[in-house]
Amino acid sequence: MAVLAVDGVKKRFGGVTAVNGVSIALEAGRIYGLIGPNGSGKTTLFNCITGLERIDAGRVRFKDERIDGLKPSQVARRGIGRTFQMIRVFPELTALENLLVVTRGPRPQAERRGRELLQFVKLAGLADEYAGNLSYGQQKLVEFVRVLMTDPTLILLDEPAAGVNRTLLNDLLAAVARLRDEGRTILLVEHDMKVVMGLCETVFVLDHGDKIAEGPPGIIQADERVIEAYFGR
Amino acid sequence: MSVVVTPEMIGQVVISGILSGALYAMVALGLALIFGVMRVINIAHGPLLMLGAYVTFFLYSRTGMNPFLTVPLAMAALFVVGVLLQRTLVFRVVDAPELSSLLLTFGISIALVNVAQNLFTSDLRAVEYITGSWSVGGVALSKPRFIAFVFALAVTGAAFLFLKTTRLGKAIRATSQSREVALVCGIDVGRIHMLTFGLASALAAGGGALLAVIVAIQPEMGGVWTFKSFLVIVLGGAGNYPGALLGGLLLGLVEQLASLFLTTQLSEVVAYVLLVLVLLVRPTGLLGGRQT
Amino acid sequence: MRLSPAVVLPALAVVLAALVLYPFVGTGYGVRAMLQIFMWIALAGSWNLISGLTGYVSFGHVAFFGAGAYTGAILVASAGWSWPVAALAGGIAAALLALFIGYPCLRLKGPYFAIAMLGLNEVLRALVSYFEGLTGGGNGLSLPTLDATRAIYYVMGVLAVAVTAMTYAIITSRFGLRLMTIREDEIAAEAMGIDTFHHKLAAFLLSAVGPGIAGALTARDQGYIEPLSVFPLAITVTMIVMVLFGGKGTVWGPVLGAAALFVIQEIVWARYPYVHPLLFGAIIVAVVLLMPRGVLGLLQLKYRLPRTI
Amino acid sequence: MTLKGTIALTLVAALAGGSLPAAAQGPIRIGASLSLTGTYAKLGKNQHEGYQLCIKELNAKGGLLGRKLDLVMYDDQSLPPTAVRLYEKLITEDKVDAVMGPYSSPVSEAAANVTEKYKKVMVAPLAATTSIFKKGRKYMFMVISPAEGYLEGLVDMAAKRGLKTVAVVNEDTLFSKAAASGAVELAKKKGLQVVFTEAYPKGNTDFSALLTKLRAANPDVVAAATYFDDAVALTRQMKELNVNPKMYGVTVGGDLPEFYDTLKQNAEYIYGATQWEHTLPYPGNQEFFDTYKKEFAHEPSYHSAAGYAGCLIYAEGVRRAGSLDADKVREALLKLELKTALSPSSGRARRRSPCGPTTSPRARRASRRRPGTHDRTRRGPRRPPPMPPPDQTAGLRRQSRRSKIPAMSETTEP
């Protein structure tokens, strides 16, 4: 049974249809990729799932519950975490505080978990530094572990590899794989085809708001429509 | 003490509302320009209007010039003042959070008022040039207000034409839509900001010059105009220029009708409630674009 | 330059003791001036809670002051309540107003919120003038003569301490951090599961109570209020400038800003009766341009101090 | 030491050290806060100049009780709370020997709480609302006549001429409201029917809707309780909207020289309530007018005159008491009858006279006075003078401004 079922979702901005009746279904414990040329509607689809955009048609179900129409915070609290294409850490909060704000339980435990996660991405020494003072890659990591603080069932990653160096990237990918092994579901938007092909089990391809292909990476790579979408004819 | 409202009375206040609405629109267009291009809320807009009114007053009382002919002079003078303000102070808060621009322009605003108090005294001044009214089908059409209305329409129309057709106007609109794109297209954004602030100050001054013929002039006259201009541009959709026209007429009408059916004291309340209702339904105003 | 509690707490105790004793040695004006500083600390501190932390600029915060002033004055004048109880009622009334107005207005963003709050203030003034049966309208409301300045001094002092203590408690809590995430990036905060609207609303309510009580106390102390004197934009701007001067989002910024700016204003006022608005305008411009983070904000950045300075 | 500690202590030191005991035989220091900026800036400035002139003249005559006089002035920005603080400062910090009143009723109302607390005599020359002088206040003295009476002259004359209906509009502030309610009361008493009342907020500039309603009510008389700018705006718009009552009077505004400067011929045939006119034959009035004009390069208004007279009244009280002691001065003031530029003299005259007599303390006694009617009724109705050209001289325009017969009237003559 699908953890997340996106069913015929449409989103228009004025005259432009950004997402045109897209349906996808995600199973638990798997990694999915979402690819497509610039402007094909990937980030908008993310926003529709997480409640940042109100959808015009269709439905989004998460663990058998309608979540379209909910506020982003309600969606998040049901177990969907995400990162952003442009980093969105809270610059005037410290790295540790960035993690603390999303937690709810007793504070000492939360702090311990936060420091563990920072340790995990090798940022323990910078826990009390303002996030705005960190490097781009470090901020990216903070944003990544901030998602983990909420213990989400489904994680949406918007271009996790962009602007990250090789070593860091490998760590990150290893972490993603581990999350999958813990039974979480991951959907990632990525331009780096190596990452997508190496990590994802199923790939969805969007073009001009339409889903034009879906399948294992190997097959997608050979799909004519996909090649056409990317390179034109 | 209730007065029965007749259709003639409604006609009368509708006319009054439209007359003052055009003036609101003209003054508010300046505020909308600044907000659209720079995201700066200019509290000093009203005091700039006040300075424009004084230009007209002094030209009229010293040289006996026709006050309506002083409108372009007042606009030119305040264009310069606006450019200077932008170059020296305002440019520093263009990218700052709204709090900075609110406070900076508030500081400028009280300073301008105080300077005017000391230079021009707090004496009430007026340009007593034309009074009385034409009677149009039982409805009195105030002469000074009607002429001011025509001028306001003309100036507002010219401003729209300028924005729509000239290179500079297009550059201003481009900058207000996306500064990055404007930069990429080789538009000197700093210069556009200066011109915008100058133009906006000129529009305020034009409003002041026209008001000089209608109401009495004193250093504190501007404050209420800042507030009304806000109402207008938020109603119409901040940063949307035709919205300023719509908002101005709407505010003029609402104020007058509220005063007629309720009482003058509550007209502001009604205007505000309308504003909040509009914003709740359309968070960026009637003609506003998407919120980012 | 870390401040350890071992230094801070005794110093605070000394200051508090001095302030407690001050009414017995100070002149009438001195007491009233200190009382005003307490009031400004309470106002600036309260504004800091909503605007310093969440970044939502309340450009009409004096509305709560005025609402409290009228609630308190009406309860004293018409219902014969004792002023301390009426002051509490003033705080509650302000909080209710915040709840009522927060629901629509806190959905507005950035400048729209600022303008809506500015409008709220204008509207309250118009309404107070209109319902003259209750408020005396433009006549204002005159309270029976009562010399309670000293008692009000203490109550206002407690209020200032309470607002500052509350700021401390909030800033060091996760609730406070979440409020700051709204300032930093509201969309990200929402996407991280923070219910930004209700956080804003809570902060807004808390930020209304202090001005409400301060308004009621001021009404009792002045003995006379009228719409124009309890709803002026100048009060809002003054509290904002105080917070900016001291450092927004910090605990002691509003305290420092309130005291410093009040003293500067009093001096300028007395010396230059005809041009002090010009000077005040210049101060505002200088603060905005030269130190937008305020004195403590600068120190905080430079020396990496905690927000609790 | 924490920052807060440092600041608070410095501040305490500053506040405590700010005051030095006044030198025993230095000048007598008179303190006042006035509306030098803010809404009432113009009127407050005139009052300030009245005080200044009075003190200058007193000093020229050798001062008071053998000491020179010194004026300590602050600006209250037209705000009552600021005035409260400033009077407290004047009394307890600057340790002034005496205080004079601020401008406007609301500010005086607030400041009185302080001056009464310290038992300081305060001659409040420009507080016209009687309620201020009640509340058991003992040391406060009223100079001008009460607000409630400002429009009485107008209503009185309207009744005498057999006019039937009256509309009363007012700015919604303390003074104007009192003036309006006074007008409504008297109109009822005199048998006039009040057909329309409406208040408008301070700063209102567009009266279209209000006047449209007023025109529909078709009153014979329009009585407007105004400050100044609203009087101008209202007058202009009445003209524009063809509102032509048989009589039209305003309170503050119609009396100021600027009213005519501003409105030119549109200011004619409008009744104004004044506390003072420079042509009134009071002792010293002409001299006051001339000196004032020379000193400040503009004509005095009644605010100037009231300030000037209020200060003289206080000085006379001190002279008769032979002391600055508040209770003695109070006693002396209660008995005082004085002719000043502002007013005629004795207690009897006071009752009938229009213009604020001098000493009359508190409202009880003052409430009968009617401003504005005195010189008018005395002269009786006249034909309207010809329209003066715009560059008319001062004297002439005053005349035309005061003329009794409204131009628009057709049935005024009984």
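Assorted remarks:
Each chain gets a letter, A, B, C and D, in the order it is written, and its residues are counted from 1.
Here is the rule we go by: a residue touches a chain if its C-beta (ideal position, glycine included) is under 8 Å from a C-beta of that chain, and two chains touch if they have at least 3 such contacts.
Keep in mind that what you see is a predicted model, and the values were worked out from it rather than measured.
With centres computed as the average of Cα coordinates, no chain lies farther from chain D than A. Taking C-D and B-C together, the pair of chains sharing more C-beta contacts is C-D.
Chain C and chain D have Cα centroids lying 35 Å from one another. A straight line joining the Cα centres of chain B and chain C is 32 Å long. The mean-CA centres of chain A and chain C are about 42 angstrom from one another, to the nearest whole unit. One finds 73 Å separating the Cα centroids of chain A and chain D. Annotation for chain A: no residues touch 2 or more other chains. For chain D, the set of residues that touch two or more other chains comprises 37, 39, 172, 199, 201.
Contact with two or more other chains is made by residues 126, 129, 274, 276-277 of chain C.
In terms of which chains touch, the assembly is arranged in some other way, matching none of the line, ring, star or all-to-all patterns.
Contact between chains, using the touch rule, shows up for A-C, B-C, B-D, C-D. Note for the complex: chain A touches chain C at residues 50, 52, 71-74, 76-77, 81-82, 84, 88-93, 97, 100-103, 107, 110, 146-147, 150. Contact residues of chain C toward chain B in the complex are 51, 55, 57, 59, 104-105, 107-112, 114-116, 118-120, 122-123, 126-127, 129-130, 233, 237, 240-241, 244, 274-278, 280-285, 287-289, 292.
Across the interface of their complex, chain D is touched by residues 3, 7-8, 11-12, 14-15, 18-19, 22, 25-30, 32-34, 36-37, 126, 129, 137-140, 142, 144-145, 147, 218, 222-226, 228-229, 232, 234, 252, 255-256, 259-260, 263, 269-270, 273-274, 276-277, 296, 309 of chain C.
Within the complex formed with chain C, the chain B residues making contact are 35, 39, 41, 89, 92-93, 96-100, 102-104, 106-115, 117-118, 223, 227, 230-231, 234, 238, 263, 265-266, 268-269, 272-273, 275-276, 279-280, 283-284, 291. Residues of chain D that touch chain C in their complex: 1-5, 7-9, 11-12, 14-16, 18-19, 36-37, 39, 73-75, 77, 79-81, 84-85, 88-89, 91-93, 106, 109-110, 113, 116-118, 131, 135-137, 171-174, 176-178, 199, 201-202.
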